[in-house]
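So that we are looking at the same thing, I have put the structure below in structure tokens.
Chain lettering (A, B, C and D) follows the sequence in which the chains are written, and residue indices restart at 1 in each chain.
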Amino acid sequence: MPPKAADYCVVARMLVSIKVRYFASLSEKAGKSESDMAVSRTLKVSEVWRLDTGGIAMPDNLLAAVNMEYADLEAQVYDGDEVAFFPPVTGG
Amino acid sequence: MPPKAADYCVVARMLVSIKVRYFASLSEKAGKSESDMAVSRTLKVSEVWRLDTGGIAMPDNLLAAVNMEYADLEAQVYDGDEVAFFPPVTGG
Amino acid sequence: MNVKICYEPFDAWEEIRQYQKAFVDVVGKYGATSLFIGTMRDFNEGETIQSMSLVHYPGMTEKQLHKILVEAGQKWKILDALIVHRVGEIRPDDSIVLVAVWSAHRGDAFDACRYIMEALKSTAPFWKKEVLESGQQRWVEKNTDGYRKI
Amino acid sequence: MNVKICYEPFDAWEEIRQYQKAFVDVVGKYGATSLFIGTMRDFNEGETIQSMSLVHYPGMTEKQLHKILVEAGQKWKILDALIVHRVGEIRPDDSIVLVAVWSAHRGDAFDACRYIMEALKSTAPFWKKEVLESGQQRWVEKNTDGYRKI
């Protein structure tokens, strides 16, 4: 059964919820340790940074994870994803 | 004062005492774990083996120590020295 | 293979002893255990360190550490492996990390233990903030490469 | 730096714990401890092993082990090191050897621990005689090289 016009409208107004987390020095830089974004399209990781930090310059050594796995800054982020930003790790 | 003839005679009849020890499979091969040799001259390590074992063929992988330090088979052995023969070590 | 995050001080020797008690099926099979313990020093980069705050990314940390153990198990023949890592407020002489690897032969145990430790240092999401003698705080900026001679 | 020959079973974790208690002057200075424990397996070269007799050359063993520790201390920056080695009648799952190295940084601790273990395996005067399941006895002929991949 072909979709009805009303379905397209719903799709066009879709809500993409993204949880954003900042760790270590980046939570101080961003001024928050987490936030919940709601946007109307899927985003790249780098766009999440830009939009959620309000355009703070991206540190050279920035690391990112999507759903707790390392991710490229060009990776796509979907509804319900958790995106994390952090500096080089220093455990051990 | 020049030495007297009698001193030379004493030197010529000098006694070289050597303690010989065998470890692991070599004590079974030699049929003893130690012996005390008394010879009238200093010996090479290889001569100690030959004389003390009664000419048992020297194993290819024979190791030797003089006074508890690894030694070459050509090394000289002096009075009071302890010479040990053993196979490759297998500790750890 | 197991990963443990500790919020309180841990005794590395006791952790290992307890872990080995559950070793029913590998008793007699492992000839080699290689361990590494990282301990908090009271100095770093020329400064005296009073204490340290170790933060982590709960969830991702465990996931990443498990991934490292699986990778080590693909590269070397290991019978078991354990990672214990401390987080929270840490004092000099406290254990920070314990890595243990059990295998039949020592080459595998040594290589895998070192691999796990280096992978942890470069990829596990932990961050250290040092409190200097003056009370000033600073984030540790990066870990060094443990294979490279300094 | 210390060398200990044990004629009875020893608990590696307890040995380390006791040894570290005397560490008054290096507390806070060591960030890295690398350990290796060799444990008796119940198999070797395709045979089941019941027990093992470990003989050594008293006097030369201690001398050689000290020499190895001194050499390791010349090659790497180490704060302390310990070797404990068992001799006598040994059963599967008994600890045979413990090597521990303490240093400021992990590269030195890992490298020195492995060096000490390989040097011990190839030069310290210990020999193993295995008792097979059949009761037959055999001398272990040689140690393998732990750096070489098998």
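Here is the rule we go by: contacts are C-beta pairs under 8 Å (C-beta built on N, C-alpha and C of every residue); 3 or more make two chains touch, one makes a residue touch a chain.
In this text, all values refer to a predicted model and were calculated from it rather than measured experimentally.
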Keeping to the contact definition above, tell me which chains border both chain B and chain D.
none
Using mean CA coordinates as chain centres, what's the gap between chain B and chain C in Å?
51
Rounded to a whole Å, what is the gap between the Cα centroids of chain A and chain C?
30
Whole-Å separation of chain centres (CA-atom averages), chain A against chain B
78
Send over the residues of chain A in touch with two or more other chains.
none
Multi-chain contacts in chain D, i.e. residues touching at least two other chains, fall at 38, 117
I'd like to see which chains touch which, written out pair by pair.
A-C, B-D, C-D
Going by the contact rule at the top, pick out the chain C residues touching chain D in the complex.
13-14, 16-17, 27-43, 92-93, 104-107, 109-110, 113-114, 117, 144, 146-150
Using the touch definition from the top, list the residues of chain C that touch chain A in their complex.
38, 54-57, 59-60, 63-64, 85, 96-97, 117, 120-129, 139-143
Which residues of chain A touch chain C in the complex?
21, 23-25, 61, 65, 68-70, 84, 86-92
